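Which chain is which? They are A, B and C, in the order written, and residues in each are numbered from 1.
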């Protein structure tokens, strides 16, 4: 039954989810904007963060909300290591750089999925008792589940923090400069590899944060990253490559579109709305909503 | 050859948002002429060049080539009509050999690849690059790459060749060879319009010079006259007193 | 007197190598009697052909499509539907599938080819995913249940063989040879030159009279056509298709992977890539995947990563030094 109440409820849930999509997409956009690399293993970063959160909750009884910053920090390290250990070499390709990166990170994605399957088995997991699970906030009759709400707030905070880092700090300026001309910054004494490693770390930390939050209301299994990765990829493109803000805004749009689609079409087709919106947008604006590249 | 000009630019105005890059520019180029398009930085030379080449359509005005209104024709079609161009920053097909690069050009006139390749070899022999025919484009020296740019454009058998700052950044010896090449191209019946910054090279070379400043035609005529025109001197000197060029 | 251009000589060499390789491949089924290995042979040849088709649009023309499963699926479903619902022989079915796929490619190309790079790639993914979801929920084509192609008796007319894999192997070999030959011919034609120019620098290509849009459309149509034929073949080979097996995103990647790992934009890259990757995939899956512990994925992923990083120009770099001659 489609009443005003259910519509508003749907949109509210969509908004909350959209803020998380935004967080995931921003991590991807950051990495891309920095060095023109699309991280096909982004979904697996998410998946690993979810497992890490689950692990902390189960073995040390750490609440996911508390674990989130730890998982984000660990993801940061992980992302930097991935760059230094693998991606750095993929970027040495003289030609077909785009394809090489896609497949190098694709291989990484498969590897990580296999590792997860090996270490954790394909069984579905979930974090049972988190501090927020089961609670919800009611505003004017609209129920906002506490875990999702916390996730959305964390997402906003993280994005605000990122925005400040990029626009107000020296590191942020170095990031921008390196994106513009990696060769030139070397002349000024900025180590390109350090900046890129930091960028990967930051991108991974953001998606790691999202993963920690999502562990409280999504099932955790080795392939969970796959569908989110695709949505993240579409979201970044929708927002426009080169715009971190665009990715975040697009995430919100994607969340809302998904919710609206779910009201109209059968649940299996819920992503079709997002796909249609993406195509409609790029056919009219070939560089996405806010893209510069 | 008739009296009709090969290229006629009529009242071209090009605006980008609030900026007027070209303001009511008109000029005529006769068949067989070698014309230089000069002017200080920001004069609108590149914009005019790109408009003639067909990169975009002008805000106002029209462009006539060989008696036909080509204003709305895209670049690829203009190439078939006989307008060829080089790029200021050399844009060779990096993954292809020198011969293959030029063959792309000659495929405009030839239908089969083998035929096009033979024509390409002829062009490379003409421009002096035939010894490097099988080298990859990205293995060439900068001067050779310039030569490749010109060879490629020449392979399309153009009536009008647009050269974009082909002399910039060359050593005196290379520039001299460049000048010889341009002369030989003209002697072969190709009309040439060259945008240039390097005065010492271009002025002795061209039949006629057109000076642009702030998007408008400032002066036009024989190089010797244009160089002495007080307006032209003022335009360049004024630039020398303002902020240094990038 | 001008000696024979290296190009012509080089091409004659290529043809001789191709004939040799094809002859060797033709002898393999006579030596390999194990059904499981014969299966791998069919798949290897099929993927070589599919990747070769993908390579025309992705490698030569530089338009990276990650949604080619759409065309494969169209071919598979067209063949299967025409056969099971209307009794149309698979030979006609495959041709019809190819034609339909080519038309779809042109229709999609119209809006999509104004997109560059990643935007284009994502558009291809998204379109293929939409088709996948549509087929999954469409009763007439079988939905999630898929289509079963009943094998009544061995027949060349109906292109179905209950036990012997030999006819499939030889058809797949023929298919691989045809796609190789098509690439070989196109590589040294004006299309080949235009595609490579468009890939390297579309604006420079335009200035030389190349109509970029038409070039991309032509590449897309040829690529889609052959990919769909591959789909039709696959339908007859496995006698059962469903959206997951013929239209998934994973499949799109699998069609591109051999070309990328073997050497994107080269004549032999897809063949080399398929010859290495497919047996590897199948063997790791069989020997290590059974436990469900993901070891096969670990090995597979590591290898893909390793090749992509260690040999970015593709395995072809190991076999032939980058030649600066003619149309290679």
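Couple of notes before you dig in:
The rule is simple: a residue touches a chain if its C-beta (ideal position, glycine included) is under 8 Å from a C-beta of that chain, and two chains touch if they have at least 3 such contacts.
This is a predicted model, so every value here is computed, not measured.
Chain contact topology: the protein chains form an open path, each linked only to its neighbours in the line. Here the chain at the heart of the structure, going by C-alpha means, is C. Centre-to-centre, using mean CA coordinates, subunit B is 43 Å away from subunit C.
In this assembly, the C-alpha centroid of subunit A lies 48 Å from the C-alpha centroid of subunit B. Distance from the subunit A centre to the subunit C centre is 32 Å, each centre being the mean of its Cα atoms.
Touching two or more other chains at once are residues 265 of subunit C. Residue positions 95 of subunit A each touch two or more of the other chains. Among the residues of subunit B, those touching two or more other chains are numbered 94-95. The touching residues of subunit C, when paired with subunit A in their complex, are 64, 111, 114-119, 122-123, 125-127, 129-130, 133-134, 136-137, 249, 253, 257, 260-261, 264-265, 292-310, 312-313. Across the complex, subunit A meets subunit C through its residues 32, 38, 86, 89-90, 92-100, 102-104, 106-118, 121-122, 222, 230, 233-234, 237, 241, 266, 268-269, 271-272, 275-276, 278-279, 282-283, 286-288. Of all residues in subunit B, only 53, 55, 74-76, 79-80, 84-85, 87, 91-97, 99-100, 103-105, 107-108, 111-113, 116-117, 134-136, 139, 152-153, 155-156 touch subunit C in the complex they form. Remark: subunit C residues 5-7, 188-190, 192-194, 196-197, 199-201, 203-212, 265, 322, 324-327 touch subunit B in the complex.
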